[in-house]
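Order of writing sets the chain letters: A, B and C. Residues in each chain are counted from 1.
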Amino acid sequence: MNPVLRTVLQRLGLGIATLFVVSIIISLTIEMLPGDFAKAILGQSATPETVAAFQREVGLDRSPVVRYVEWVGGIVRGDFGESYASAGSLAGHRRLVSEMIAPRLLNTLFLAGAAAMIAVPLSLFLGIMAALYRNSYFDRAVNVVSLTSISSPEFFLAYILIMFLAVKFPIFVSLASITPGMSLGDRLYAIMLPTLTLVLVIVAHMMRMTRAAIINLLASPYIEMSRLKGVKPLQIILRHALPNAWAPIANVIALNLAYLVVGVVVVEVVFTYPGIGQLMVDAVSKRDLPVVQGCALVFAATYILLNLLADVVTIVSNPRLLHPR
Amino acid sequence: MSEQLEKLKLAEKLVGRGKVSRRQFVQLAMAAGLTAATGELMFTKAARAEPKKGGSAKFGLAHGATTDSLDPAGYPDTGTQIPFAGAMSNNLTIVDADGNIHPDLAESFEPGKDAATWIFKIRNGVTFHNGKSVTPEDVIGSFQHHMGPDSKSAAKSLLADVTEIKADGKDKVVFTLGGANADFPYVASEYHIPIMPVVDGKADWQSGVRTGAYVYGEYEPGVRAHLTRNPNYYGTAWFDDVEFLTIADVTARTAALTAGQVHWISRADLKTLNLLKRDPNVNIDEVQGLGHYTFPMHVDAAPFDNADVRTALKYAVNRQDIVDKVFLGHATPGNDNPIAPLVKFAIDPEPKHTYDPEKAKFHLKKAGMENLKVDLSVADAAFNGAVDAAVLYQQHAKACGIDINVVREPNDGYWDNVWLKKAWCASYWGGRPTCDWMFTTTYAKGAAWNETNFAHPRFNELLVQGRAETDEKKRAAIYAEMQQLQHDEGGGLVLVFNNYVDASSKKLAHGKIAGNWEGDGFKIAERWWFA
Amino acid sequence: MTDSAHIPPQGSLVAAQAPSRRRGKASRLWRDLRKAPASAWFGLIVIAVYVFTSIFAPLLAPYSETELVGGAFDPWGGQFLLGTDQLGRDMLSRLIYGARNTVGIAFLTTMLSFVLGGALGLMAAISGGWIDQMLSRTVDVLMSIPQLIFALVLLSILGPSVLNLIVIMAVLDATRVFRLSRSVAQGVVVMDYVEAARLRGEKLPWIMRREILPNIMPPLVAEFGLRFCFVFLTISALSFLGLGIQPPTADWGSMVRDNAALITYGDITPLLPAGAIALLTVSVNFVVDWFLHKTSGLRE
């Protein structure tokens, strides 16, 4: 069988097993957190009576194992269950986890997509240029700027961008509120600042890995050979070094893309962007287990798919892996 | 000349209603002997003072979570309280900016033969947003929503004393209580108990149909709520539509205000308030609230079972220092009386509990101790700044021979695992609008939230007396004695009363801001207008 | 203080790089250092200053990190060189102690995650088979849970002590290191010389150390430089969400968080801890770059 196809099938199968294990870990950790949904919602105003009433209604009075098995049963049928927050409501007002997650996920993917469209080409370009003109002032400058941006906390970068681009010079808006019925242009305008923040955050990592992976190959005999043949430096990098450097670069890109989907809760908070990260943090703090599970599954699936993609690139770019003896 | 001034005054009133132009007004002012510039200023002021309709207002709220819902049994924070309890709904009664109770959805209320029954007459011709008239059944259903064994409402314990609610004719509702309660109309103003239509025998909270100034529009829990003006509202509402945005991060909230994306934000950042004040387009609104932060001691646990130890601890804290450093001046030092000055019958007990190491040592000695070592359990979940306050207290107490060991508890599950369980911890009270309410929930013997385990016979006797008493003077005397008892012998170390510090765009105007709840008593959308 | 004393991590990496040479390590290092470019020197000096500051923090700082010595937000200059914070603690002292706490924690966390993740990654790549499968799947599971949120939950369960913070961040970070080292090593494992060593009957640790590690070092070192500063960021993100290093301990991540709002008014105080992080990051990566250049064998 073609090694790529085999890897893909194998990984997808394993991916489902991974999702299963993730759901068990999430269930366990949320159960281990002090308090439960009823107590978290009622807070200081909880009395044993109201807590008990709440637990009965939500079904928290049953054992965690029973609840987990029921939840898995639902997942198998494609039913993500409903949020504890919908307890006690009449028919037609249930808050399905899938309905809560879907719009948030779309928002997150939209923001991640916008950031990736700018960041990936930019970092590849800068990385290649830095490798080409290594140790020049250009290399140093790109390096220092990107390292400074990467070493500042996200919220701090966000505040600086807000100060300059929303308050002092009101070019963009500081609240990335997305409402249904907004045009694509309006949406892009609204998310400009969070997008820029994310670009600043991830470019350095990918750029540096591109540079390092290419430079690592430049001393190889085959590169020396082409150099002796008089091939231009840019050609050497693009035609000879880059194809063999794809494995680590693809890995870092996959990690950063996953990060854009999974790890941007801080940026969502600062720009009040209704993404899935905030949904999950909210749900964790309220112990709304079905929603936490739903978000965790989405995140895990994203990660698994991107990772698979990186592995495919690794195999394709290495003939020895592609055609094993 | 005086005739000119009279004219000017009349013109001022007309300005507010848009009847007099700026030019006409300035001419009048000059005729009255004022300069043109003064006239301009007066015009602007007059134009602001008189409310007028119009505009879309946006409010940035500090709270809101995806688990929020329209159900008034919940309403855990301002993310639901201000839009849904405040802007969308009405209660039978309402508390004004001075702490007095008024009928709201009720036209009037009166006690029965004693204060154990209360009769509320519903306002004539009031309809819900869907056009249905408000009936006694709706009122009954709205109250019953919070009662009964299956209720998970935060107002459940509050209504535990209500034994029967029944309709009397077409527009009257009669509440029968287990015992007399002269303050029951205040209970009816509690934000958890808005009046909702009853559908199929149950209060319908899901549809968002209420009676209030604004009609339910779009709602994305934890993100935004958008409401539009109720054209048939029996009161007044000035904005055409209002939008409430959850902006949890205070810096982002501030930036949204200064960049003009919202017109009002709750909980301005105290750290940078002086910098925000410099913004020429921003007003800072600060009102003293009923909320207070406490370090409650269990009066039945050693060493707090000794009243002199408690008094020593009360003298060993420098509240002004905590106000200055933790709350940056935006709070009022407490005097170990949980009743806020704003509340009717509030007193300021003597002797004042201010920082006094000598008196602390004196009381410690009286308790037979040279020095004392105690644990204080805190987390910022109790109130923001609790840990800092405890660390400062630790330093103050050192000079009094008291060694306070500050135990940092996790924020998660604080109310569940620490509060009411540890003998000394940090706590927060949103404050209650009457003496009886505050004492009944927190200091009465056997109360579910009695955080000090206070069970003083005289105190409990007075509590029952005060509830039944309808003579104002006698009530004042009873509550004064109770407050003094709390001050002298209680375990509630009342650290400070909070201030609500909000910031608003100068485009908005308002009357006196109520401090009973955040956001002008939750009613900001109804009470404020665009100048 | 000699130059070789303050760069133990680099020293050991360089040594691993050319194990076949038998010359004295110190003299070799000195020779390399003399040829190092200005940027590397800059990086090394800055790192030396940081290490010095964190070791001798109690001697250097004018006040203690927790003591309330002045009013809230006292201005710069005078008694307090960089002013005071919200509670009246000396900003300069907190910055100095912050070096100790932050650099120490970041270094420990990164080392732990590299030892853990690097060793397991190599093992997986070389052994292949079920060991690889088991390790990779475990890492897949751990990595597919959002790191920040997972750290938040684990800290809530275990309590936010510094030790818990280090271990949790190191384990979660190690998954990233594992992924990278395994994927880079996979490219090397299929090389002829590794196969030859295997056929010679060399043991796994020997192959790891002698044949593979030197060849995958550059990307790992580049990653080290970045991971190191990511630890600061994770700490400050955690404190943004309410669970970082607990006050009153001074660390730069939390200090940025505490003062960040000032930046929107043009006050540069929050830039101090942020700048301290940035300067260290840039310096560490300058040294890393020098190392990368040196190991690449490029002459120009």
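Couple of notes before you dig in:
Simple rule for what comes next: a contact is a pair of C-beta atoms (placed from the backbone, for glycine too) under 8 Å apart; a residue touches a chain by one contact, two chains touch by 3 or more.
Computed from a prediction, not measured in an experiment: that's the story for all the values here.
A count of C-beta contacts for the chain pairs A-C and B-C puts A-C on top. Here A is the chain whose Cα centre lies closest to the centre of all protein Cα atoms.
As a whole-number value, the distance joining the C-alpha centres of subunit A and subunit B reads 41 Å. Spacing of subunit A relative to subunit C, judged by their CA centroids, is 23 angstrom.
Each chain gets one centre point, the mean of its Cα atoms, and the points for subunit B and subunit C are 48 Å apart. In subunit B, 251, 255, 258, 410, 412 are the positions where the chain touches two or more neighbouring chains simultaneously. The set of subunit C residues touching two or more other chains comprises 156, 260-261, 264. Under the contact definition stated at the top, the residues of subunit A that touch 2 or more other chains are 33-34, 155, 159, 162-163, 167, 269. Within the complex formed with subunit C, the residues of subunit A that make contact are 14, 17-19, 21-22, 25-26, 29-30, 32-34, 134-135, 140, 143-144, 147-148, 150-156, 159-160, 162-163, 167, 204-205, 208-209, 212-213, 215-216, 218-219, 247-248, 251-252, 255, 262-263, 265-266, 269, 277, 280-281, 284, 296, 299-301, 303-304, 307, 310-311, 314, 318, 320-321. Residue ranges of subunit C in contact with subunit B, taken from their complex: 68, 72, 86-88, 156, 159-160, 242-243, 246-248, 260-262, 264-265, 267. Only residues 33-35, 38-39, 41-50, 53-54, 56-57, 83-86, 88-90, 92-93, 95, 100, 155, 159, 162-163, 166-167, 170, 173-175, 177, 179-180, 269-272, 274, 278-279, 282-283, 285-286, 288, 291 of subunit A touch subunit B when the two sit together in their complex. Contact residues of subunit C toward subunit A in the complex are 37, 39, 137, 140-141, 143-150, 152-154, 156-157, 176, 179-180, 183-184, 186-187, 190, 218-219, 222-223, 225-226, 229, 232-233, 236-237, 240-241, 253, 256-257, 260-261, 263-264, 266, 270, 274, 277-278, 280-282, 285-286, 289, 292-293, 296-298. Taken together, the subunit B residues at the contact with subunit A in this complex read 65-69, 71, 74, 76, 149-154, 156-157, 202, 206, 218, 220-224, 245-249, 251-252, 255-256, 258-262, 410, 412-413, 415-417, 419, 427-428, 448-449.
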